[in-house]
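Presented sequentially are two complexes of subunit A, the first with subunit B as partner and the second with subunit C.
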Partner chain A sequence: MKPPPACRLDQVSLSLGDRTILQSISLEVGRGEQVAILGPSGAGKTTLLRMLSAGLPPSQGGVRVLDQNPWQLKRNGLRRLRSKIGFVHQDHALVPNLRVWQNVAVGRLGRPGNLGHIRRLTLASPSELRDLHEVLEQVGIADLLFQRTADLSGGEQQRVAIARSLYQQPALLLADEPVASVDPARAQQVMDLLLDLADSRDIPLVISMHDLELARRNMSRLIGLRNGRVLFDSTPGEVSESTIKELYALASQENEAP
Partner chain B sequence: MNPVLHSKRPKPWRMISLGVFALVGLASAAAMGLTLTDLVPRESGARTGKAFLGAALSPALEHTNWVPDDAPSFLSSILQATKRTLLIAFAALGLALAAALPLALLASERTWSGSSSPFSKILPRATRILITLLRSVHEYLLALLFLAALGLTPGAGVLALALPAAGVLAKVFAELIDEVEPGQFLALEGLGASRPSAVLFGTLPRALPDLAAYTFYRLECALRGSFILGFFGFPTLGLGLRLAFEEGDYPTVWTHLYALIILMVVFELSSAAMRRRLKA
Partner chain C sequence: MKPEPRNQRIKELHSQRPRSFGLRLGGILMAGLVFYSLISPSLHLQTLFALERRSNLHRFLTQDLLPQSVQRDGSGLTGWLAWAWSVLQERALLASAQTLGLALVAIVIAAGTAALLATLAAREDFPQKPSRPTESRGDAASDAGPSLTPAGARKRAAPGPGEGGQHALIGRGLRLGFGLTRSLPEYLLAFLLVALLPHTAWPAVLALALHNGGILGRLFTETLENVPAGPSTSLRSIGAGAASTTLLARWPEAFTRALSLTFYRFETCVRDATVLGMVGIGSIGYLVVEARARQDVPEQFLLVLCGATIVLISDLLSRIVRRRLRVA
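Coming up: the complex of A and B.
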């Protein structure tokens, strides 16, 4: 029997007020897939990622994440589901005046325990610190364990954010524009890191990005999003230059329209 | 018609209302018949003022009136009063802080954002009412009440300072917590954290330097408040100052004032150092 997909959207639409953000999107992300979501700014890439991460309920349509319907779950069930989804935010969403290890340790706040969390985030045990150190080692910044997060560079902070997601031991990894503000050489480094981590854990990876060439080189599937609709959903080889032109050109035309 | 032009048009109400408020103030002063000549001291007042200021350079270092032979020396009694002033202030602010943090978290909008439980409506409102009640009575009025109810005990003084301080701290803490951008809070909720732990680890740490700075300021207020409690008979520095003032013993008054000034300066220097460490 074929294993169920990690995420499935079925005719999903989202409207906020009179603005339509997503329009009848249907797609599946299989176990182990590596997907890039492409599209101009405002196309709905971040919103789509939030749908896939059970962070935002749709106005219409069905959502299944890790074989569960998040919006039928009770609060605790939703928390447990979210605890298995790693999401690397574009702005990293770290607490600047906490130490690096604390920003990584919050990755497990989705697990049961109340007073235990307070203890873990103030006085980590030696074995917990070893785990945190190991996760930071995997993203290449183990020596920053006890640094104040605000003192880190942007690239280092992004690695802390990735480490926090890994510390969740996720079954699905999502990253919102992880290479939007880095130079080409660094962008490839970040892609390599995310791909390696997803590969070694055998979990699906979904990344939103702008850089078509980078996506083509690295990802096994490209989804083009324009004005909340899927324009294409195929392997890198199948996406033609004219399709790409359409993805960006059409959108800019429509943005300029009164 | 362009809707943007109409929706975002800035309104000058704030500036106008500030100006109106200032005019009301001036009108009130005029209604009382207050004039500039009222600010010039009368002859007797000028004499007292001169005597008082003249004593500033010669504060008392010994008892100025008769005391039993086994009484503690003047300076050691000043030190004792200083110590009691400090103790009452610290005890009051410690209690206030212990009460204010949970109250602030309960009153904060962030704690309850997106919650559908029936508590999410009742609890924050009830907490805000409690906070307002705590703040509504001035500490010196409370001091009189507790003096009547509990007698002249340190507990009465501590409570009188602690209750309003708890209210003010809780109100300001809740506001500071709600001012923190929600990004980290939402990210923590997104990875499965409960709302309380998302506030505790996503929001509270960011507000902490401001919370600490405000707490230091309230501690300064508590120190001054503790001094003034002496006016009601509590054995802090204020008591000695009041007694000396009533006797016209200005050198002794100045000794107490200098003790307060030194206390405030030392406190300000150490709290500034602590604030720098917290910000860094």
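Coming up: the complex of A and C.
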């Protein structure tokens, strides 16, 4: 029997105030799939990721994440579901005044036990520190364990954010433009880290990005989003240059229109 | 554009600039009030520089400030220093230490309580809620099929970050409480508490703690609310609860500023503690009132100097700590 998809959107629309952000989107992300969401700024990529992370309910349509219906869960159920979804943010979203190990350890905050978390984040046990060190080693910054996060470079902070997701042990990994502000060489490194993380755990990876070449090289499926609608959803080989040009050119014409 | 038309255009733009009639009127009224105050009999500048003021000042410096013993034996500065040291040893040093201790205990209580309550009072960012098309309300369930989320199911869904009426109500109540306690002057509070509590330093401590607790509560709440939302949103997105998010994502960012604000209020607390003694509580202010009752001007002057010294020392220490905190 075919396993259920990791996430599924069925005719999903979202309006905030008078603005329509997403319109009639239907898609499925299977276990182990690596998906890139492409599209110009304002196309709805981040919103789509937030919906997949059970962070935003739709105005219309159905959402199912990790075989659960997020918006029918009670508070604790929703927290448990979210604790299984890793999210790497574009601006890293780390707490600058915490140490690196603490920022990684917050990855497990969604698990039950508030007091235990607070204890763990103030006084980690030697075995917890060993685990955290190992995770940081996997992203190549093990020696920064006790550094203040605010003192790290942008690239190092990004690795901390990825390490946090690694430590979280998610069942679904989402990343919002993780390579938007890095040079091409570093962009590939970041992609490698994310893909390794997804591969090693056989979890689906959904990344929003602008770099078509990077997406083609690394991802198994590309979804083009424009004005909140899916323009294409196919394998890298099937997406032609003209389709991509259409995706961005049409959007820029629409943006320029008064 | 040629210079002349450009100048013309600049003039037009200048005349079209946004102007506030209320602000101008307020400025004119304020200037009028200041002028009126200066020409009114009680504040007339002439009264400040009248000739007899000079003779009064001379008498104050050469006679009033000198204790009778120094005036009697004409020992001058040496005699004054010996007298001052004896007053310091007998009463003033102990009262100064008590004043400082009183302010310290008050600020610790105020900051501790304010931190706890501000954690509860601080609003989280309310994400914009999705709007529901009226024509499709309730139909989505059938559109989506039984296994998927109907939009109407949101009614049963767990609240997202920042939602929850109970928390909002507690927050509103606490912010009102902060407003009330900080609007009551500590001097009035101390008067009230002297009547209620035993005659110790506690009325002064609690008066200072209540007033400063209100101020710090408000400031801490605003500091927590102004922490960039990114890290908290990120923690909420991976399932972290409100308490852990506030403690681990917001407080680490707000802590340095909150500490700096506490030291700032500590300076004010020390200043207020020197005055609060005047309601009959053991501090430097109490000794000033006592000396005034005995019409002992030299001792009053010495005690006021002591009070100023404590305030200056605490100001200096507080400034050093706050500078270091800004660097950290």
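As a working rule, the second predicted complex is superposed on the first by the 258 of 258 C-alpha atoms of A that agree within 3 Å, B and C clash if a C-alpha of one lies under 4 Å from a C-alpha of the other, contacts with A are read in each partner's own complex, and residues count from 1 in each chain.
By our rule, contacts are C-beta pairs under 8 Å (C-beta built on N, C-alpha and C of every residue); 3 or more make two chains touch, one makes a residue touch a chain.
Note that the structure is predicted; figures quoted are calculated from it, not measured.
Colleague: Looking at the superposed three-chain arrangement on subunit A, would you call subunit B and subunit C a clash or a fit?
Modeller: clash
Colleague: First (subunit B), second (subunit C), both or neither: which does A:93 touch?
Modeller: both
Colleague: Using the touch definition from the top, say if A:85 reaches subunit B (first), subunit C (second), both or neither.
Modeller: both
Colleague: Between subunit B and subunit C, which makes contact with more of the residues in subunit A?
Modeller: C
Colleague: Does subunit B (first) or subunit C (second) touch A:46, or do both, or does neither?
Modeller: Neither partner.
Colleague: A:60 in the overlay: touching subunit B, subunit C, both, or neither? Say first, second, both or neither.
Modeller: Only subunit C is touched by A:60; subunit B is not.
Colleague: Based on the superposed arrangement, let me know which partner A:118 touches: subunit B (first), subunit C (second), both, or neither?
Modeller: A:118: touches subunit B and subunit C.
Colleague: Looking at A:110, would you say it contacts subunit B, subunit C, both, or neither? Reply first, second, both or neither.
Modeller: both
Colleague: Touch check for A:34: first (subunit B), second (subunit C), both, or neither?
Modeller: Neither subunit B nor subunit C is touched by A:34.
Colleague: Just subunit B (first), just subunit C (second), both, or neither: which does A:14 touch?
Modeller: After superposing on A, A:14 lies in contact with subunit C but is clear of subunit B.
Colleague: Going by the overlay, flag which of 4-12, 148-156 or 256-264 in subunit C ends up clashing with subunit B.
Modeller: After superposing on chain A, the clashing stretch of subunit C is 256-264.
Colleague: Could you list which residues of subunit A make contact with subunit B in one structure and with subunit C in the other?
Modeller: After superposing on chain A, subunit A residues 53, 55, 78-87, 89, 91, 93-98, 102, 106-107, 109-111, 114, 117-118, 121, 168 contact both subunit B and subunit C.
Colleague: Inside the complex, what are the residues of subunit A that reach subunit C?
Modeller: Touching subunit C from subunit A are residues 8, 10-11, 13-18, 50, 53, 55-64, 69-87, 89, 91, 93-98, 102, 106-107, 109-111, 114, 117-118, 121, 168.
Colleague: Would you tell me which residues of subunit B are touching subunit A in their complex?
Modeller: For subunit B paired with subunit A, touching residues are 183-184, 186-194, 196-198, 200-202, 205-206, 208-209.
Colleague: Which residues, counting only subunit A, touch subunit B once they are in their complex?
Modeller: Contact set of subunit A toward subunit B: 53, 55, 78-87, 89, 91, 93-98, 102, 106-107, 109-111, 114, 117-118, 121, 164-165, 168.
Colleague: Which residues, counting only subunit C, touch subunit A once they are in their complex?
Modeller: Per the stated touch rule, the residues are 127-133, 136, 140, 143-145, 147-151, 153-154, 156-160, 230-231, 233-241, 243-245, 247-249, 252-253, 255-256.
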